[in-house]
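Take this structure, written in structure tokens, and hold onto it; I'll ask about it next.
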Amino acid sequence: MKKTVPLFIGIAFGCFAVAEFYIPHHHVGALSNEFRQWAAILAASAFILGGVNILQVTWPQIRRREPDWRYKVVLLVSAAIMLLVGLPWHKLGSPAKTPTVERAATADAELAARGKAAITVVVDDDVTFMIAGKSAAGTGRPVVTEVDPGEVEVKLSRRVAGYRPLTAKVTVAAGERATVHGDPPMIWGRDGRVFVWIYDHIFSPANATMFALLAFFVASAAFRAFRARNVEAALLLAAAIFMMLGRAPLGRAISDVLPDVAQWLLDVPSNGGRRAIMMGAAIGAIATGLRVILGIERSHLGSDS
Amino acid sequence: MTALPWVDIVGYWIGIFLTICCLSFLYKDNPFYKLAEHLFIGVSVGYLIVLQYGDNIEPKVVGAVFRGEADGGWWVLRLVALVLVLMMFVKVVVPRWSWLGRYPLAFVVAFYAGLQINAVAQAELGAQIKFSAGNIDAVKVDLNTAPVDALIALPGSSGLVATKLVAERAQRPFVSVDDAVTRPSLTDLERADLAGARGNLIGLDAKAAVGPGQHDAFGIVSNLLLLAGLLSSLVYFYFSIAHRGVIGGVSRFGVWVLMIGFGASFGLTVQGRISLAIGRAYDVLGRTVDPADADRIHGPVVAVVSIALIAAGIALWERRARRDAGDQAGSRGQS
Amino acid sequence: MTRALLLAVLALVTVGSAAAQPTPSAPTPVVPLPPDLRPPSRAPDPGPPPVAPPLAGVTDLDVRVPDNDNGRHFAIRFTRAADVGEDVVTAVFRRRWGQVAATAVFPTMLGPADATPRTWSVEFAGPTPPPLGALAAGDEVGPWQVAEVLAGGETTLTDEVPPGQYEYVVVELRRGPGDTIVAASAGAVIGPRATEASWFNTDRTGYLGIVLLIAGFIGWYVWETRKGKALYVRRLPGVDAIEDSIGRSTEMGRPVLYVTGLEEIQNIQTIASLLILGHVAEKTAEYDTDLTVANYYPLTMVVAEEVVRQGYANAGRIDAHRPERCLFITAEQFAFAAGVSGIILRDRPATNIYFGSFFGESLLLAETGFTTGAVQIAGTAELTQLPFFITACDYTLIGEELYAASAYLTREPTLLANLKAADAFKILAMLFIVIGVALATAGVFDLGPWAFR
Amino acid sequence: MSAEHWSAKLQRFDRRWIFLVMAVAVVVPLFVPLGLPARPDPMTKAAFNAVEALPSCGPDDVPPKCARVFVSIDLDPASTPEIEPFYRAVVLHLKRKNAKLVFATTWYQAPPLVDRYLRETIEAAIAPAGTDGYDGAADRPYRKGIDYVNLGFRDGKGAIIQAFGSDLRGAFDHRADDGTRLDRIAMLDGVNKLSDFDLIVLVSAGNPGAKEYVQYVGTRNKLPMIAACTAVSTTDLAPYYQTGQLIGLVAGMAGSAGYETLVGKPGAGTAGADVLNIGNLVVIAAIVFGNVVFFAGRRYQRRGRTS
């Protein structure tokens, strides 16, 4: 029961996955999509197991004060903060705030004469407002804009990500004055202020810098490993130098032949070798896939103990 | 554009400080790198779980089962997915029932293996065999009769050039490649492009000619070389015979082709990696930010200060580490 | 005025079309309707003022199920009149066959061939007036639904419909100013046609051939091994190094690090890496060395833990298995690289094994591993990362060698049979290419595109 | 102790000096620009021609007169230096033709980046009339839901890309990123799968990206696709360009610089390409120096044995 049933499940789903590619029938297609959703759900919910695993590994190290335990605390705290900040707390609080609109009691004769209306906007200095397509920066003090009568849309938004923009539809008659107050609220969750701040200022600089380290490691690997010990290494070395000169604009400055040689290296030998690896790997992959489906190789199905 | 709030300016400073921390890894493993590493891993784990819930679990499970938005699949089927998830959780939490976990794993591994078999068979194997088994004879494009998209593919040509050539040849057929390249309706830039692409190895003269059925000798040699490289590399991957004698020679040639390919790929990547470091330098120097903000962030100043701080910190840490090592050696007597 | 005109469109159908028009596909019998269902013949109501000169209609209308269809499509083909104007569009209407309209008596477009053209009437078109202006796909015109309005002069259409039986009417409409319809041609009618889902995609026979051939070879060689035939495979230095370096790690008392690559289970390289992990775990259990497994996706971590448990069980050392040594670092490429570099520098493993699919961070791991003096064995089918592993690691398994590693490590007959099968197919592939090149160059026949559409 | 033979000293050469040289090589040229011209390679020109061949239309026209282009932005902050210059150049090129743009991404790190790109390059004009150093046609701010739609992020690698190919609306649960229902957006009428687009632009830094698009949807339904990739993936994607599965390929920063020159608006790509030259020279010097050390070491050991 513990081993044979999962084996048959594997064989059944594996064969279905192979067959599905060759059967255009829409029911089969729908069923296959459904299984894909299952797999995606399994992969996604495994992330919770991932979090549990990190806790299982780091918590004992902190408790036993093993070397570097302080850094494990940093790891857990930053993960917890990012998780908490990722939940949409703003949905729990008061309902969404809409901008308040007040209308002046008396109509303004001079404005009415010109057949115009006026909208005053009072917002903080980091809020930009857009009236009928024209946008301007808020200054904390009331700003008056003349508009044509009728329904005018006023959009208030903050430049930085993480705030929900507010829109107010104000219908003004000729000569009427309306004042609009509003403060785009800060939101939490994935597009929230703090989440995006952490993403922009901690996640992406670290990510970009670790990637940039490769520029240094490429140089040290070139120094250490590109030594013409034998024919193969010499060919590796020569092709690399030709490609570097050929593709860089400097190479074209040296001579027009270099880019062509580089392109030829890319088109003929490199492609030949590449196709061989692709085909070899594909054959190996299909054989491995078949082994798994036909149950020849079962190490992923675990032991009976 | 309103001014950048203070919080974000401090954010950029932290970003620059973390950049220098990560770069300190080049010198050696040190507390600043450990801090940046663990902070980075923590933030990324939090980010992932929030995203995975928002994009996979919420719409596909909560949405499908509780709000009935199961597109196509009836929500009953989606319950099976939930059962599989629970079985996987049981495997980790309750070791005694861990064999339950084999069901979801068997499904996932086998299902994906099946999908991959066909994806690989089609895109990697079938497509590559189809294109390799093609005609190796390289016939020159006949400028007078070739269709537009064959003209576009010529070196130095483009959509506009191709349409002009077609119009030109309608009036007066081309006498030679030089004649086609210098026709009046081509602009100077296009003429310069075409002139720059001449050459009888892989240039315009190799690929195009006037009159049908002319062969591009170097093209044929290249195709033959490609085929030879392909077959000999495949022989290198042959497991059933020891690589000695003739087979050994062919597979050695195959390895040479592979090595040229890897060298070319390495050479290409060097350029990519360096541009990453350039990009990083751009960000720190504030060139990828709005100039008004850059003036308030003072990127270069903060970078220099961070470097000084971290260098001093590492020096201090190393002296303390040497002193601790010294104490241990001292306390254990002259070992 | 135009409203009436369009309503007339669907009525001004040459009633005799069913008889005159040869149905190329299987001749569907025209079911003569029982008398009580036939609509009462009434004198046409005064109706709209005289219609502009009718346009020439479409001819040779043909609706059939496309090849390898999933049961939801019809391929509609027709030829338009030669002199059709630029402002004339083709509207294709469809209607479910056999669905009795709730209210109106069921009129059929295929009524008996009486000469007088049927005029549009309320019962026929249904109460709601059709949207005249922008006639778009999906609009309802009485019982009819607009499948598509072809403005670009196309003469073919693939219509996607829920499975069932349908009738189609194709009509030419001249558009006047402001998107109104000023003239209409007689509608060409065809139907009923039923959707068919085909059960095998003939375009993909080539790929099925590949998979069945490899499966066949595997079966043949496994059967060979059952007969006790020894299978020879050449030495693979990378795999021999695994066992030696695990021994070396035991002597130095330092752990073995195994990284399962940056892809989910979705990728076959990760599956291959996990299969090899099982055999490596068996060896580390025998040699009693710590094994640290770094995973990129949680699901891979769960499978890896199960596979390592199986390895320790096979070696009879299930008690020595420490599940917390199977780590999920994080699923972000460079945070993972930073974390694994940290493990390499602080735990200082003597053997670093990188099997699976890797991306940009491969060089970072390999260079960090070099500084600690560890023996590094890498294996991937990612073409872009092979140059880095080859330059920075001690041994590298290239592409297919990664998939062959399990067989080499265990020397299990069934797994060796897999290698032989792969080799056999390789010979076939090479022959296919050589023959294909010869035939194509001689201009006789294009083997490649014939086999793999 | 006799002066140690120079080649023996070289053997103990600390590779961190190379790091220092590379750091200098990267930072210094940023302050002292070289200004070398970036000549676009054939693959980049093919990508440019593919976009150039699209029909251009007026600001208020609707498809099919306007081209409809699907742009998949699959990159993370780390890989922006190489590919962002191409993105900015191709978006200017598309906006000059008033093409309707549909954005999507399969990388979970990308959403914040995509939002910033939409704010900076789509909802605002990149090169309004009179921008210095640019004499091409000006572009205009795009309106959400009318000129462009952002479908947002979907995880699922190859599987989700396959879903884009067969049922794009279902793959995004019938909603745009900001929640509006897709069937209420006029510009998406008649668009149900990738083959309904006139061109597909893949801004792809790795996996999932251009390769998965070719593997899962490209070969099946013969889609017109151009891709930009990091230099490292060039050899990975070059076969697909050769076989026509990709009709254009812009590789690495050099490719982006080439595309910028073709569009006529030099930017970060061109400036960065200058710095590339120095960096390349450093690596070539490191290789040569490495070989000098290697051969010197071998000669020293051989001399050590004989004398």
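Letters A, B, C and D mark the chains in the order given here, with residues in each chain numbered from 1 onward.
One rule holds for everything that comes next: contacts are C-beta pairs under 8 Å (C-beta built on N, C-alpha and C of every residue); 3 or more make two chains touch, one makes a residue touch a chain.
All values reported here derive from a predicted model rather than from experimental measurement.
Chemist: Please flag the chain sitting at the greatest distance from chain A, going by CA centroids.
Modeler: C
Chemist: Using the stated contact rule, I'd like to know whether A-D or A-B comes out ahead in C-beta pair count.
Modeler: When A-B is set beside A-D, the one with more contacts is A-B.
Chemist: When the C-alpha atoms of chain A and chain B are each averaged to a single point, how far apart are the two points in Å?
Modeler: For chain A versus chain B, the centre distance works out to 16 Å.
Chemist: Between chain B and chain D, what's the gap in Å when you average each chain's C-alpha atoms?
Modeler: About 9 Å separates the centre of chain B from that of chain D.
Chemist: Using Cα averages as centroids, what's the distance between chain C and chain D in whole Å?
Modeler: 26
Chemist: What are the residues of chain C that contact at least two other chains?
Modeler: Counting only residues that touch two or more other chains, chain C contributes 204, 207, 210-211, 264-266, 268, 271, 299, 302-303, 306, 331-335, 338, 346, 360, 363, 383-384, 386-388, 390-391, 398-401, 404, 419, 422, 426, 429.
Chemist: Do you know which chain B residues sit against two or more other chains?
Modeler: 22, 25-26, 34, 36-37, 40-41, 43-45, 47-48, 51-52, 55-56, 72, 88, 92, 101-102, 105, 108-109, 112-113, 115-118, 120-122, 124-125, 127-129, 131-132, 196, 227, 230-231, 234, 237, 258, 261-266, 268-271, 273-274, 276-277, 279-280
Chemist: Which chain A residues reach two or more other chains?
Modeler: Chain A, residues with two or more chain partners: 18, 21-22, 29, 33, 39-40, 42-44, 46-50, 54, 68, 190, 199-200, 203-208, 210-218, 220, 222, 224-226, 236-237, 240-241, 244, 247-248, 263, 266-267, 270-271, 274-275, 277-281, 283, 285-286, 288-290, 292, 300-302, 304.
Chemist: Could you pull out which chain B residues touch chain D in their complex?
Modeler: Result: residues 26-27, 47-48, 51-52, 55-56, 59, 63, 69, 71-72, 115, 119, 122-124, 127-128, 131, 152-153, 155, 158-160, 196, 261, 264-265, 268-282, 285, 287-288 of chain B touch chain D.
Chemist: Can you check the complex and tell me which residues of chain C touch chain D?
Modeler: 136-137, 151-152, 160, 263-264, 266, 332-334, 357, 359-360, 382-384
Chemist: Would you pull the chain A residues touching chain C in the complex into a rising list?
Modeler: So the residues of chain A in touch with chain C come to 18, 21-27, 29, 39, 42-43, 46-50, 53-54, 56-57, 60, 67-68, 206-207, 210-211, 213-214, 217-218, 220-222, 224-226, 236, 274, 277-281, 283-292, 294, 296-297, 299-305.
Chemist: Quick one: in the complex, what on chain A touches chain D?
Modeler: 29, 33, 36, 39-40, 44, 161, 190-191, 196, 199-200, 203-205, 207-208, 210-212, 215-216, 218-220, 222-229, 237, 240-241, 244-245, 247-250, 252-253, 259, 263, 266-267, 270-271, 274-275, 278
Chemist: Applying the document's contact rule, which stretches of chain D touch chain A when the two form their complex?
Modeler: It comes out as residues 15, 18-19, 21-23, 26, 36-39, 41-42, 76-80, 109, 111-112, 115-116, 155-156, 159, 163, 166, 231, 234-235, 238-239, 242, 252, 254, 257, 273-274, 276-277, 279-284, 286-287, 289-291, 294.
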